[in-house]
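Order of writing sets the labels: A, B and C. Residues in every chain begin at 1.
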Amino acid sequence: MSARVNAVTSTPALPSRRRIGDRLGDVFLHVLTGAAAAAAVALLIAIGWKIFDIAHPAISKFGLAFITHQGWDAIHNRFGALDLIWGTALTSVLALLIAAPVSIAIGLYLSELAPRGARTVIASLVELLAAIPSVVLGLWGILVLGPFVGTQLGPWLHRHLGFIPLFDGTPQNAGILVAVLVLTIMVVPITSSICRELFLGVPTELEEGALALGATRWEMVRGVILPYTRAGVSAAVILGFGRAIGEAIAVSLVIGAGHGIHRSLFATGDTLASKLANEYQGAATNIQIASLVYLAAILLVISLLVNLAAQVIVRRFAHQRTGGS
Amino acid sequence: MEADTMQAVAPIEIAQAREVPLSAAGREAVFETRGLSASYGKALAVANVDLSIYRNLVTAIIGPSGCGKSTFLRSLNRMNDLIPSAKVEGEVLYHGQNIYGDGVDPVEVRRRIGMVFQKPNPFPKSIYDNVAWGLRVLGMKDDLDGRVERALTQAALWDEVRDRLKKSAFGLSGGQQQRLCLARAIAVEPDVVLLDEPASALDPIATSKIEDLMHELKNEYTLVIVTHNMQQAARVADMTAFFTLERTESGGHGVLVEYDETPKIFTQPADKRTEGYVTGRFG
Amino acid sequence: MAVDAGRYSLTPNPRTRRRKLVNVLMQGLATLAALAAVAVLAIVIISVAQRGASALSWDFFTKTAATFGQGGGGVANALVGSFVIVALATAMAVPLGILVALYVSEFAPPRIADLVRLVLDILNGLPSIIIGIFVFGLLVIGSGQAGWKGSFALAIIMLPLVARATQEVLALVPSSLREGALALGASRWRTVLGVVLPTSLGGILTGTVLAVARAAGETAPLLFTTSIAANAVTWDPRQPVLSIPYDIFVLSESPDPADHARAWALGLVLISFVLATSLTARLLLVRYRKKLEG
């Protein structure tokens, strides 16, 4: 009895009986894994730092005017990013304009409409589309899709919709339109998978509440599912946008390495990423290399902002929903 | 009945009923089920139910858990259609038409036969929009404000929310959310409202408010309520149907045992199984 | 009772018919979208298979590229090169990825865990060409290209994938398992290495396979780090080594149709590999999930 009382009133330190090796092992593992995590963080910082470091000669020479300067003159070493920024924005925005509704539609199909047995099969097939390497899509783009656009789709669009400036000009086998189509194909699988999971996550009782009122399936989707998943779908679209702006290889193969800012989708062009892929190996002067990496720095900043925007949306709205209910 | 049988069923105090229950005599049958059986895949949930629901009455479905009460209820507005493995046999006649017949549109069925669920499930919208959504979808947009106010008043919620109609429905308490779901259901002017254990997730005070509401609402609607709480049935229902679990080799399924006016079910049940249940001897 | 058909009618009225029409239309559009996606997949795969199959031959797999103008030749150096680069990248990325995931799931305080997770997510979203330029600036400037430098770039891409997959799988390990080991008096590191990690191996394997599939198809990181390669089969990662994706990239821009044929064939090989590994990963995941949930 008294021994028990002692145990309660005084807390004797339990001598650590574990072998030195054991305790060291714990510390060692903690330190090792911590170092790995620190290395990952350091890596990200290093990437940012290094890119700006290599670009520095061009940044100090051209300053921020680089961003608004149009024209890429390797002979006179006068470089500007505006053409590329325009090309990146145009191709990615158009690709998302097509990809976003298509992805939402596919997500809805896979979560609401598809016959049960077919659901996983079709979902897997759509995900397989994401697994196709970008260089293979670029290969297909340059040798199959490009000619198709140049000889069939382009002329058709020009014939019927040529009054719209977008479809002005001569259709070619390469250009903005082909790039937009290729980017769409790359973005849709990613965005639609996320949408599908979001739609599956809507609580059944919410769906039943709408249907019990006598709403049709589509009215239930429009009134309950889409509003409920608004934040996640936005984040998914933004993530898709991030993917599109960063795609170098497939775009460089099909966009035709053109110059200038044109309105027509049939024109050739270039994006920040594709310019890098095309010109880097042929870059002659140091200032040209530095300017190219300046492009990379701009791309990096845009990509980080886009990525962060998606993360913020997800985190803020997830918090809001649980806080509200 | 002999004195000792009266004694044995005393625990249920019929005096708790707020009003004298109404009788079915002379009333129109809103629903008539004939041989209704429902199963999920191979598992039979409820078998061969012949039951009539009468207009402007509160009908309670009671019985032990697992005896298919909810399944039966959901068969009345074709909510079981949403479950892929669900199958329904027999007929459910709504004003003489079989709701499972050819050419019948489940969307129309659910427009006329509304439902309130066990767990309050308001939409992630404002209080106003929760009620207005159904109205807009179904094209009842004239005097939207008036309709919303009427529905919320009938659900005894108007005074509590009139100043915050645009606020999120999630800001309401559980009991208020459930009354909101009720308001949203009656806003579209159904004929019948089905309630699947509407108060089981609520505290006693909220429960009491819902029960009070049912007495008012039955003047305009026909109500069918599933409840696992037989005192609630005794308080609220005019007619009561007792279901029980019939065991078979493959498990068991629910069957309708007895259906009669509430006082009779609780004081002079005709079936031994009913008696056993309402006296608390089992289940 | 007489059927009051008007008031209680359950057959559609004009307004309901219109709503149902919209409903059917929307369903049709959604189905069309899904079918279009599957159709595109089929078209691409069939294109590659058709055009690539004709160039496949024994020579294709065993010889290196013929000199310009002559027929024949193969892509042996690209096949070997890719194998070497990806294998090396896997060896770099997997241990590091597992360690990072272990830190986040077992040791890190919540805010730091969030930070590391955010960093991994950002790394995952970075355009791969930027990673290529980074490694170029870090390692290639001044000392030239090498296969292992390309591997390093690929490893950066694989790291977030392996880390995230490992993290998810570690989170699935029931805490009762961890607590059981700790309650026996086992130390932290023994618990992690002896109980938690072995239970998670299936998931880690799946994550690795998926990361390999991704790395095998990446071109941009290799553009600046291992592209100027000799036309000979080499197993030495200290030399710049040719890779399948880069070869496709170069061949597809060439005007020579023979080069295009080789590009298609390489594309077929690459797609086959990527699809096979993706499917394997999926099957592994299903089997692993079943085992874990018992």
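Here, contacts are C-beta pairs under 8 Å (C-beta built on N, C-alpha and C of every residue); 3 or more make two chains touch, one makes a residue touch a chain.
These numbers come from a predicted model, not from an experiment.
Here the two chains linked by the largest count of contacting C-beta pairs are A-C. Comparing per-chain C-alpha centres with the mean over every protein C-alpha atom, the closest match is chain A. With centres defined as mean CA coordinates, chain C is found 15 Å away from chain A. The distance from the centre of chain B to the centre of chain C, with each centre set as the mean of the Cα atoms, comes to 52 Å.
Chain centres here are Cα averages; for chain A and chain B they lie 49 Å apart. Among the residues of chain B, those in touch with two or more other chains are 107-109, 111-112, 137. Within chain A, contacts with two or more other chains are made by residues 216, 219.
Within chain C, contacts with two or more other chains are made by residues 19-20.
Considering their complex, residues 19-20, 22-23, 26-27, 29-34, 36-38, 40-41, 44, 47-48, 51, 96, 99-100, 102-104, 106-108, 112, 115-116, 118-123, 125-131, 133-134, 137-138, 156, 159, 163, 187-190, 192-193, 213, 216-220, 223-224, 227, 245, 248-249, 252-253, 260, 263-264, 267, 270-271, 274-275, 278, 282 of chain C touch chain A. The touching residues of chain A, when paired with chain B in their complex, are 116, 203, 205-216, 219, 223-224, 227-228, 321, 324-325.
Listed in rising order, the residues of chain B touching chain C in the complex are 28-29, 94-97, 99, 103-105, 107-109, 111-112, 137, 139, 191. Per the touch definition, chain B reaches chain A in the complex via residues 77, 79, 82, 84, 107-112, 114-115, 117, 119, 121-125, 133-134, 137-138, 168, 170-171, 181, 184-185, 188.
Contact residues on chain C toward chain B in their complex (touch as defined above): 1-4, 8-12, 15-16, 19-20.
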